[in-house]
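To start, I am sharing the structure in question, which I have written as structure tokens.
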Amino acid sequence: MSVFETSAGIALTETHSVTATAADGFASLGWLMIALPLLGAAVLLIGGKATNSWGPMFATIMSWAAFAVGLGVIFQMTGLAAEERSLSVQLWEWVSAGDLSVNVGLLLDPLSMVFVMLITFVGSLIHVYSLGYMEHDPDKRRFFAYLNLFIAAMLILVLADSYLVLFVGWEGVGLASYLLIGFWNWNPAYATAANKAFVVNRIGDLGLITAMAILFATVGALDYATVNESASSMSQGALLAVGLLLLLGACGKSAQFPLQSWLGDAMAGPTPVSALIHAATMVTAGVYLIARSQAIYIETPDARVVVAVVGAITLVYGAIVGCAKDDIKKALAASTMSQIGYMMLAVGLGPIGYTFAIFHLVTHGFFKAGMFLGAGSVMHGMKNRVDMRRFGGLSRVMKVTWITFMMGWLAILGVPPFAGFYSKDKIIETAFVGEGWQPWVFGFTALIGAGITAFYMSRLFFMTFQGKARWEDDQHPHESPKSMTVPMIILAVGSVSLGFILGPTGILENWLEPVFGHPEHHEPVLAIPLIIALTLTLVALGALLAYFMYWKSEVATEAPEGTAITKAARRDLLQDDFNEVFLRKPGEGMVTMLVATDRDLIEGGMVGKTTGSLAGLSDLLRRTQNGFVRSYAMTMLAGIVVILGAVWVMQ
Amino acid sequence: MTGGEATLFWVIAPAMVLGALGLLFAHKAVHAAMSMALVMVSMGVVYIAQQAEFVGVIQIFVYSGAVMMLFLFVVMLVGVDASDSLVETLKGQRLWAYLLAAAFVVVAMAGVASVTFREPVGLAAVQEEGTVTALAREIFERQVFGFEILATLLVISVMGAMVLAHHERLRPVMNQRATSNATVRSMKWLAGKPNPGVYARHNAADTPALLPDGTPTEESVPRVLVARGQVASVTEYAAVTESTDEGNAPNTDLEADSEGEGQS
Amino acid sequence: MTLVAYIYLATILFTIGALVVLTRRNTIVVFMGVELMLNATNLALVTFSRMHGTLDGQVYALFVMVVAAAEVVVGLAIIMSIFRARRTASVDDSNLLKL
Amino acid sequence: MTDFPWLTLLLLVPMVGAAVVAGMPRGFARSRELAMGISLVTLLLGVLIAFQFDIGSSTQYQLSEVYPWIPQFGVSFALGVDGIALSMILLGVVLVPICLLAAWNDVPNGNNRRQQTYFALMLVLESMMIGVFAATDVFLFYVFFEVMLIPVYFLIGSFGGAGRAKAATSFLLYSLLGGLIMLVAVIALYLQGPGGTEGFLIQNLTGLPIDASTERWLFAGFFIAFAIKAPMWPVHTWLPHAASEARPATAVLLVGVLDKVGTFGMLRFCLQLFPEASQWATPLVMTLAVISILVGAMLAIGETDMMRLIAYTSISHFGFIVLGIFALTTVSMTGSTLYMVNHGFTTAALFLIAAMMIQRRGSRQIADFGGWQRVTPLIAGSFLIAGLSGLALPGLNSFVSEFMVIIGTFQTYPVYAVIGSMGVLLAALYILLMYKKVATGPAPEEFAGTTPDMSMREKFVVAPLILAFLVLGFYPKPVTELLEPAVQTTLQNVGVSNPAPTSVDAEGNER
Amino acid sequence: MFEAPEISYAALLPLIIVFVGGLVGVAIEGFAGKAKRYAIHLPVVIATLVLAFLAIIMVARDNQGATAAGAVVIDGPSLFLQGLLLVLSVIGILVMSERFGGETPDAFTQAGVSTPGSVEEALATKMGATTTEIYPLTLFSIGGMMLFTMANDLLVMFIALEILSLPLYVLSGLARRRRLLSQEAALKYFLLGAFSSAFFLFGAALIYGYSGSMRFDVIAASIGTEVLMDGLLVPGVLLVATGLLFKVGAVPFHAWTPDVYQGAPTPVTGFMAACTKVAAFGAMLRVFYVAVEGARLDWAPILAVIAAITMIVGAVMSVRQTDVKRILAYSSIAHAGFILVGLVSLQQSGVTSTMFYLVTYGFMTIPAFAIVTMVRSSGTEATHVSQWAGLGKTNPWVAAAFSFLMLAFAGIPLTSGFTGKFAVFSAGVEGGYAWLAVIGVLASAVTAYVYFRLIVTMYFGDSDDDTVVINASALTLFAIAFGVVVTLFLGVVPSPMLEVAQQASQFLR
């Protein structure tokens, strides 16, 4: 079935509407995945100082325990037929009124379990890493509590069986992200960054809420099963609205254009946080949401195109910003944004793209987390400096970091046989599928994006590890402790191997088939070998350019003036300036005006004038009480005359 | 209204209005009171003309005779000369008063004018027995309750006037006997105080008498004058009257007496 | 020429009485204005009595006279007590109580 | 036991308790403990009553008692509760002990008389609160509605901050004005009804055939009073004054419970007694509600005084409640009623925790704070939780209700729902900006280390509130089960039914 | 031969008792030594009033009907209001008799005749002069008020009006302190009272011209039959109304109220405010409901407008007032407006509600003024609002009582003030005057501001050191306590009193 011919009303041939069966056996304990890290967070937060000593370790154990439960569930699932791999765990009835009834229920299906694996495994690794990274922080316990809270929320997000429960996780990860970005909020800028992340996310959340409102008004339910079932009977308008609103939500969470502005600032958080939340897991939730809502997007090609367009824009946008950043974390953040753009593009392409999007999501989770941890390791050794212009030549002093980072670098570049090659290339290929203008635009965008990615990631890698040391005088870089390097190594192994383990073997595709169905194969508008060749060429060109500019040449320790584009890219392509001028300033003006209105017009005017005129009237009337008897007599006579006159007039 | 009555009306009505206007415009309160009396008396005449002889007579006797006299008495007490400035002090009072009065007259008269009265019945029928008898029958058969209750009003007016105008005796009465008893008991000025000085050229209460030794004595001058410092200087007379016999008439201390007496 | 003329007369006198109250400042004269109003009313009563051919009106007029007399007594007593205190008979001077 | 006058007893316990507290001799220094005991007894009684309540019952008002009071006016002393009333009463009896605990040191020791007065007034207030929600006689409701003002007036005026006299007066006059306007409507309503000695009973006044214009006037009379009470824009200006000048415990009871009378009244009186007029007025009411949501939130963003800011957030939240009520769907109304409960806890937490900081800092101005997360981490942390509840974070109490309001409203009035949901975004702004200014940043030197964190008493104040957040956030079902039948009855009385999902229609694809 | 009319003296017994009591008082004045007069007067007066009250209960049982050739009617409303008058008079007289530890009633001058500030006055004070004439005067006034409510004849009503007014004129001028103000109040009250009664009389004359009689039954019967003479009736009715509205202080005949209330001795003000209103509204009820009800279309709208203006002006003028007594005076004006709302409804419930409101108003006004007598600053009453600051702290009981009364004035539920307001507004709405009720509640809100300002001053202000509350004897305290209890009782359990008022609301025509 052709993707772009699909329209409302055509019966679905897909198998995506596999109905979930009640989980039994080990899977019925699936809620433990959420409960364990939640317990960890609760114990650490409520326990207070008493848990300072053993709390971080406890949290880490809880995280691993969640991973273990997840593994158990997957193990049980593999024993089931593909169609039966959708298990539901109903916990309790949560919201219920009138037609609305939402249970707190978990949906354990291949898609959610992929995410569970990614989240718990990478998350646990980062717990371990943090044991080292945060060792000397006075608020370490709180940090681990938040991490556990994040894991729990993220698992709620992916395990939810309805949009509303998903939303709990959705905002839960937002909260965790807020808390962790602002973890060092004694720095007001960091606190602002945290606020920004939360508020921008809220804009997306509004979309999600409204989407749910439309769903409820049209379908009468919010659980995936019902929505998926009734999607075909929804009107086009509703479908398009839901599709776009869900996309808005996804944009907020995944830092997609136009809600991307918060991600760069979010690097204020400790680096493990950036690795976990702002690279590997949370920011991919948008992709998950769209993939999860495939039933809706299948019915509304228009919305899907918008998804793809957003993905394409962000892809390039992130890439351009990434070229200009000198802050290692911000450059990585821009890269994340760009990579998620790829995923968005993929899910925007429809059923043929879902699997690749998820594939890239997983591999990206590994290599990006690995690189972030590497960056953290660098910062650990460089007294928390992040300016790449003062790095350079670190390959000699931080061997492990260097090599693990290199694995990630190669993976993201898409160099065969590293993981990125398998996942990203598939997306580029898929982007070339279709008819009309779309394959050309999306395909070449993806292609060029790959080239730019190669340039800026190489730039990052070379500026940091290669070339001459441009360290400040007080720096004595050193390798990080084992607790940090081991997770890096594990992630590097993933970056190297996940691609060919999951991709060519078809493991992931088969695993996800019950969810996404098996899309018919489509030929891209260009030959696949040609696409691969073009891609690799562009990647090589980008890397070479970077080699000459940032390894062979001298890198200035102060950023050069640069062109207008460079300047704009350094400022995130003026997104903050745009927000400042078009959102914050008007908003501030509005608030000022309203405060003034409230004070002057409503309280001072409506209320004040009323009371004031009452007092004035009182004074005026009181003046008639002038103490003269004759005056009083006159008012009486006047009254009488008026009364009699009134009677006269009345008759 | 017969021709005679009409004539009377046209004579007396303007008089009454004039009297009323006199009340309105007279500068002096006395003149106002006299104008008022004119109205009252005329009113009595009108009553009589209207076959209300008893009422008319009472009007003249009681109203003009007693009430108006009471008014006049008070006017006198307050001061006959107290003239009332006709310059208005309250802003707009006069103008508005006239306007309102005019409006009132217009409205009231228009009201009366709009009424079609039935043919007057006249009092001939009810007054067959005689004016006073008929009136008495009316009062004591139908209006007796009002009549009885009016008595209360009279008591009240007496009580009210008493409270505001009656000086209650606060000390025992100082009659002649009590005064002389007191004088004797005090053993002072048993024969009375000396009279003020009486001289050939000068004869006044403010002049102190001279004692046998020629010194003036303040005891002879009324206390009030002493208090006011109006005692005439005695020195200029002292030389001239050196050889004159001083009088020794009893002194009457008016102040002391009048103090306890109310002026009821 | 009917009896209504008396009513008109009574109205005029009544109004003049009211006018006296409103414009004169001597308390006693003001009070006389009130008396004039009562008298004017009496005239109306007596006239109406004649119109209706009943004696009620005359009786009423008599009663009103008694009432007026009682009022005069109390009124003059009040006026006198004020006069003693303030040495003035102007109503405008009684102007301490206001606002 | 059903004949036992449970509600009267519930009403009397704090009332008599207040008399006892106030009547204690001057030397009695334990009025706080006594008042606390009484409020706990009331709480216990309230819980007992909740167990007497039969959710499945088909009668609208349960535990009802009707005694003739002023038969000449048709007035009965009639009490009874439906789910909504019961939940509000429970909210009240739960919050009072918490507030008493929070108010423990409001009146310094040494002035026993003043302490007795203070706590007696709080108990009187509790009694009135119970009465106003339990009354099933319009007149009786009105009586409680007005009398309630007096204890609050004295609580603000005698025990409040520097601007207390003005705040108390403006609070009182606003409420009184609204109440008096309602009085005329109450009277006119009675005359429309069957009259007689029980003519003021709500059930005798429900479903009257009133002609349209009269009904609209009557609706307006009631609605103005409730809008002032709730408070809705533009008659809200008394609230920030009252809430900021009052003692925090008073502010909690005022904003958290008493003001609910406004929205409660809209549900019970405006909608049920004047269904036609309610629907006629819906566009206007909804517009006001949306303005309240947005303006309240923006004013909160622009506010510099912490207590006033919290008051403004309440205006915004009340906007949501009204929005849901007038959307006339089961979901939105259940959401609104649930919101009424949730908002009670949220506001309580915000006010009380803010007050803890204010008391330590000695200023209400947000600008005077900064870095308090490092001075009093526990207080700051609980403040954040309370704030998150205020911005309706899923998992905490407010979310469920706010969400229900929005999606329920969307069913019937999508535009209002969408505009109103902007409040969700603004809520994030005002809460987080405040938290940022108060708690984050470098630790202030003059306070760090020397200022004590939460005391044991304060922990006991905060703990039940946070517990309530979580329970109501994750398991609101007991409450919604309580509320929903009442909401259904209300909707039945209004005569509307829920819109069916559009896609289920025969021609679901057409819109 | 004369045929003496049937006069049921049994039915008139209460009135007779009061008047005889007054005469006994006159006799006491004449024969008892001045040192003993107070001690004799007080029990006699109280006994008179109590006896009269008992007599009313007796009369109510089986002596209702018109008597004295139809000049008076003893029926439900008249008996109810007379009973009310007597009870109010008892507490009013108790307050008047308060001596605050002195020899003579504290509020009254010891020598009404003396010039203020004169030697004579000082002497009179020193010698223990008394003005115990107030007792018989008050009793006569009460008699006049009672008669006012039962008069079935415009002239009897006029006489009653004078009987009740003349003593009040005199009493107003007898204050012990600030005597110039007091005399001025008397003069103003007297001149304006006489002025208004002249209008009353003129109106009565016009009505007489219309119907040929002043008996209410005759007037009622002639309405509708004497169509050609309607030009006399309506102005007549309105002029009569003028005289009555003056007595209750309705706008625009209200100007005297604040001045007189302020200048008169405070206990007299309380007595006057409460009892005159009762009597005048009683008379108004009878005139409007019995005599001229048939012409309601002509006068009811005007009365309604007057009610509205009265409420508004009374409320608004009090806003900026700073003298407690004047505040109470303006409040009395506003209350007159509220009562008029009930009256103008022309319903059966209008009678009930008017009478009930009068009960509530009476029992809150007298205690309020009684409390004013107790608050002193350097010997004289501290009537400026600012002088009451901090009373809540220094004298909690007094402040509490006064605040409670203020709440009642403001019409807060569970006080009689609310029940009363509810009653009159109900009647008003029932009678088709919903707009009046709306104005009424708005005015209530404005007045509430004023009352609450007083409460604010007492409770939330800093105390004025000069102001003291002097210890009152049991007389005043009883009066205050009684009033407060009644106010509370009628707020919480108004049913019995409403029942009585309802039973008594039927006029005999």
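When the chains are written out, they are named A, B, C, D and E in that same order, and each has its own residue count from 1.
Operating definition for what follows: contacts are C-beta pairs under 8 Å (C-beta built on N, C-alpha and C of every residue); 3 or more make two chains touch, one makes a residue touch a chain.
As the structure is a computational prediction, the values presented were derived from the model and not from experiment.
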item	value
Intersection of the contact lists for chain A and chain E	B, C, D
Most distant chain from chain A by Cα centroid	B
Contact-richer chain pair (by C-beta pairs counted) among C-E and B-C	B-C
Chain closest to the middle, measuring from C-alpha centroids that were averaged per chain	D
Where chain B and chain E are represented by their mean Cα positions, the distance between them in whole Å	34
CA centroid of chain A to CA centroid of chain B, Å	106
Whole-Å gap between the CA centroids of chain A and chain C	95
Chain centre separation (chain C, chain D; CA means) in Å	65
Interface hub residues of chain E, defined as touching at least two other chains	112-113, 155, 159, 162, 166, 169-170, 173, 187-188, 191, 195, 199, 206, 230, 234-235, 258-259
Touching two or more other chains - residue numbers and ranges from chain A	622, 625, 627-631, 633-634, 637-638, 640, 644
Chain B, residues touching no fewer than two other chains	90, 93, 97, 100-101, 104, 107-108, 111-112, 117-118, 142-143, 146, 150, 153, 156-157, 160, 163-165
All pairs of touching chains, each written as two labels joined by a dash	A-B, A-C, A-D, A-E, B-C, B-E, C-E, D-E
Interface residues, chain E side, partner chain D - complex	352, 392, 407, 410-414, 418-419, 421-423, 425-426, 429-430, 434, 437-438, 440-442, 444-445, 448-449, 452-453, 455-456, 459-461, 494-495, 498-499, 502
For the chain E and chain A complex, residues of the former touching the latter	187-188, 191-192, 195-196, 199, 230, 234-235, 238-239, 242, 246, 251-253, 255-256, 258-259, 298-299, 301-302, 306, 313, 316-321, 446
Chain D residues touching chain A - in the complex, by the definition given at the top	170, 233-234, 237, 295, 298-299, 301-303, 329-331, 334-335, 371, 373-374, 381, 388, 393-395, 399-400, 403-404, 406-408, 410-411, 414, 417-418, 421-422, 424-425, 428-429, 432-433, 436, 439-443, 474-477, 480-481, 483-484, 487-488, 498-504, 508-511
Chain A residues within the chain E interface of the complex	614-615, 617-619, 621-622, 624-625, 627, 629, 631-633, 635-636, 638-640, 642-644, 646-647, 650-651
Residues on chain B engaged by chain E in the complex (per definition of touch)	107-108, 111-118, 136-137, 140-146, 149-150, 152-153, 155-157, 159-160, 162-168, 170-171
